[in-house]
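When the chains are written out, they are named A, B, C, D and E in that same order, and each has its own residue count from 1.
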């Protein structure tokens, strides 16, 4: 089985070593096409993504992503441990949105076992608060690193300054700052700490004006707009065809958010908007649209958290963790369940066979599906645009490779 | 003192650089190597001009000539490299010995 | 001091020139050319031709040399591609070059120059004087040169254009 | 639209190419025979009443007892609504395709949903289901198959199969620890 | 427990203090001995006793002994008072002053030497003694001659004459000046990098380096430099190792050469070239060759990309940069930087930036082009991290890598200095000297007295004013870098060829005609318009300066604003 990745790429281009006497190809300047390995260690690839670029000078003719450098057999592990033991593994998939991953897996298992109806309201609201806080944290990282990709270093530090507060909140609730395992099967592991509601609403008051600061600093910066508008345009149809979800799909102008169209976790009780890309600075579906959708989603998340904190007031004393969470047996059935993760639709396919351990666990990572459009978008763009496009897709390699 | 520098020193230096430039033109088969040889020869000529201006004439004529030589050398280099590009475009090499083929 | 400077810079220029000829790698030749150009520019400083020296630096070293290195990079697949001349050609060329060097040197050393060759004139033209000459006595060549540059610019762009 | 209705539409259209269905489960689905999957898929995508334009996931499952592999296609319809006010309409559906374990061949739907490209590569890589006519195919020992995606291209075997044994070394690199080598494999 | 045994950790405190006592004793003995030798020899060698070739040995004996003695004394005191000195160094402002003292020290040495040099040149030459000694260097003064001159001003220290003897040679003067320049150049990156990190930290609402050296991490750059020197030196074997090494020096040396022609004040210039401006531009232009070679010799595709971008960018931006500079040249009518700066003396309204609208715009076009040619953000494409890993620096490490930064920071200071000399009045102070004199008279101090001279030296112009102005422009470069994203290569070239070049050409033409109308043809109406525009521009300048001052004060007063008021977070367990 001789299927070396580089050989395959080489197959598709003319042999550069052949003597081209009197060849019919006449270029502007006699330049050679060059194969460049962007990654696995490259600052713009957000982890261990490797993209083989076929370039003609600064022009990228073809960009083939190669993934798998962070493959940790997460699905295989799922077949050897009980669902509640698998929760910590989901943290490590999309490590920037651990709460949402926990939530996705917990909801899938609860739906499969019928535990869904028995989760207390308080636990549901706490789940929503943390999922949305985590969405803000994740979008902050996306915003900051996108600035880095474009060459602005300062927004990154601003984003991390705010994210630090969110991580403090998480730490106060569950003790961890990155891999929380807080939302678990049957609810959340522990009730909120004292004064959490006050501190959280204080944070929201502090955070809301910061979004304006980000817009002044980066979003409407002329150079930034020039770098991102009309770059990497994905139309709505293309986005659906490639299975893109989340801010990437909404950036293409499709108003599609699982929290609205098929609400899970009583999201239907909340009032919020779904921002979509409108092509304010260029074409609908360009990098700027995908970027601004994330910024606007942070504002909407703030709105949701405020409502959830309000709803939380009447629920003191309710049990936040269902007793059956650790002892459930999975029925001989399967389920595929998706939630709206910061990066898109995170789906878990869980198949049980009557035992406590699932027969098959599959995670459908939004980053994995969003990344597959790279090949299509990164054609005939400049080298710098590749960084801009990859950054605007906001992939987390932990989830792509699982 | 025998080491005291005069006009002759400059002229001999210029002669040596000139010969090296000619040698460079003769031995290099890379077209850009030949261009480098031409630059050497022009530099040798410039040294002469400036040295004579300093030691013999005392007016700026030598300087003016040298300015024009530098200017023409730059123009010549730009044009020559454009030609080499074309040459390379057709023959995929800049070996001058291959330039005798009467092909497009 | 001037004498010492002459010897140093002459040695730099000559050694770099030898390096150009001796090096088989064309990029190294170009780097050696930088040495020669710099050495010659310093010699101009020694000869009180300051304007010429800086022009040499800015046009040759900053412009032409970059152009050449560009040309090298665009026309070779690898830095190590070298086309060697045959042994006979090299021997002949060296012989001719040595004869030429000896011949010119002898000619120069035996020639009778109009003034005493070892007494430099104290008056060197200043920048202002050179500039004034360019715009008075040498105005026509100056303008012709500017037209020539324009023609070269257009010609170079024409030669390196897309062929359709 | 309820899954039963969609299943009925499909049964009317394709008859016995739809080999079964199950709606009494957490995951209602229909079973489609492998060789007609391509036309069913095209119908699901292009029929104006269905328009399942978003392929969410392809999950490959190994049923060792039944000696078959299942490819679970989870589809979703995103029908653009009124852009300014309304959400897109939501509809979901699931199709399962069963293939024998020793010769798993399913026609590739990557030309219908581009999203299937990477999902099919992943299903081949980890479970060994060969998707015929996949656009990113390479020639293997047993014919053309999709290129591997997560594992290295020269990896041997399909790690998610139930009877997979983890290799002891890969290109001279010890792949499992001493402890794991002595431990019984699941 | 670590298995490594360190002898000085194993020893008991008693042994340690024993060592210390011994060390102090030894150092004091050595110090007294050396100082004694120096003291004896101070009066021992009478002029005329020694042949000329022995002078260096006498100097070595005297200077070496006294320097060694002082060093040993300092060492002994250091060991005695090491605790107090440690505390002293931690004391913030003193430490910072010590650090900045380098600049002042370099200035002082150069100034002192200039005074001595004038003194020696002022002595009457020795009677008929023109001797040729070593490399045909004629000298005017014997030691006896200098001693006579010293005696005439009442300094009867024979050794001083020996010490002054070498200073009469031009090349020694050049060496001292070169030492001053190199000292200054070494301070720029060390200070510049530390300052850049502090500025960026301030912009990003964090602290920046805080540990090394006590106050605000002022020793961070030297510490980093030390680390870089000890790092492994990696040279890609597949590239061209010779050119790989050479490229560093081709990049690093030209910006330093440019300092040879950069005047810090009227007399504070190594060589006052009549073509100084073009010389500096040429030196900045040669840098690009080194960068191309660095990329080429690295045998790395990212490095080649970086160097090609650098070549495109620098070669194209040199043209608008040079053409912007032609405008002040035209105003001053000279290529000599001292002339150009001298033409702007006497108050900030005389600066060329306010002279007419064309100069005003030319200042900004020059500054933008200079940013691009220094490859500073937003034009830092050659080393753009997120696209090209590190551009042409990808394969460089350790000390070689840091030399590139020496070159870069030197070039940054050069372009800032050029902008100051050509547009912002050079070393002349914004306040006219006459005002300072009258102010001094008004407060009762004589303008020629000690304080008067000091005040005039500080306020009325000089190297310190020049360095301050250049440092401000340097700061603006940092400010821009940490605020803006990076542009793309096609946008960079578009901005140069399609925007900046036509603009600068129009400016050049307009300025030529303007000068022709105002200065040569003396059109009255144009002179009136010129005057009005001049004062409008001065007004704009004042407003901008005040605005920057206000913003700075506001930022200083509200320096906690960015961090926010989220006090409760501190009570969370994680904080």
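The criterion applied here is as follows: a contact is a pair of C-beta atoms (placed from the backbone, for glycine too) under 8 Å apart; a residue touches a chain by one contact, two chains touch by 3 or more.
As the structure is a computational prediction, the values presented were derived from the model and not from experiment.
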Field: Chain whose mean Cα position lies farthest from chain B
entry: D
- request: Please identify which chain has its centre, taken as the mean of its CA atoms, farthest from the centre of chain E.
  value: D
Message: Of the chain pairs C-E and A-D, which one is connected by the greater count of C-beta contacts?
response: A-D
Query: What is the distance, in whole Å, between the centres of chain C and chain D, each centre taken as the mean of its C-alpha atoms?
result: 70
Between chain B and chain C, centroid-to-centroid distance (C-alpha), Å: 5
Query: Using mean CA coordinates as chain centres, what's the chain A-chain C distance in Å?
result: 60
Statement: Among all residues of chain A, those touching at least two other chains are 26-27, 29-30
Task: At least two other chains touched by the same residue of chain C: list those residues.
output: 3, 51, 55, 63, 70, 74-75, 160, 163
Sequence positions of chain E contacting 2 or more other chains: 136, 308
Of all residues in chain E, those that touch chain A in their complex: 200, 203-206, 301-302, 305, 308-309, 377-378, 380-381, 384-389, 482-491, 562-566, 568-569, 571-575
Interfacial residue positions of chain C with respect to chain E in the complex: 1, 3-4, 25, 27-28, 31, 34, 50-51, 53-55, 57-58, 61-63, 65-66, 69-70, 73, 79, 126-127
Field: For the chain C and chain B complex, residues of the former touching the latter
entry: 2-3, 6-7, 10, 13-14, 17-18, 20-21, 26, 29-30, 33, 36-37, 40, 43-44, 47-49, 51-52, 55-56, 59-60, 63-64, 67-68, 70-72, 74-76, 82-85, 89-90, 92-94, 96-98, 100-101, 104-105, 108-109, 113-115, 117-121, 123-125, 129-130, 133-134, 138, 141, 145, 148-149, 152-153, 155-157, 159-160, 163
Query: What residues on chain A touch chain D, complex-wise?
result: 1-5, 8, 67-68, 71, 73, 75-76, 79-80, 111-112, 236-238, 240-245, 253-257, 260-262, 274, 276, 333-336, 338, 345, 347, 349, 351, 359-360, 362, 364, 368-369, 371-372, 376, 401-402
Message: Taking the touch rule as given, give the residues of chain D at its contact with chain A in the complex, in rising order.
response: 25-27, 53-57, 59-62, 72, 74, 78, 80-81, 83, 86-90, 92, 94, 113-115, 117-119, 122, 126, 138-141, 147-154, 156, 159-160, 186
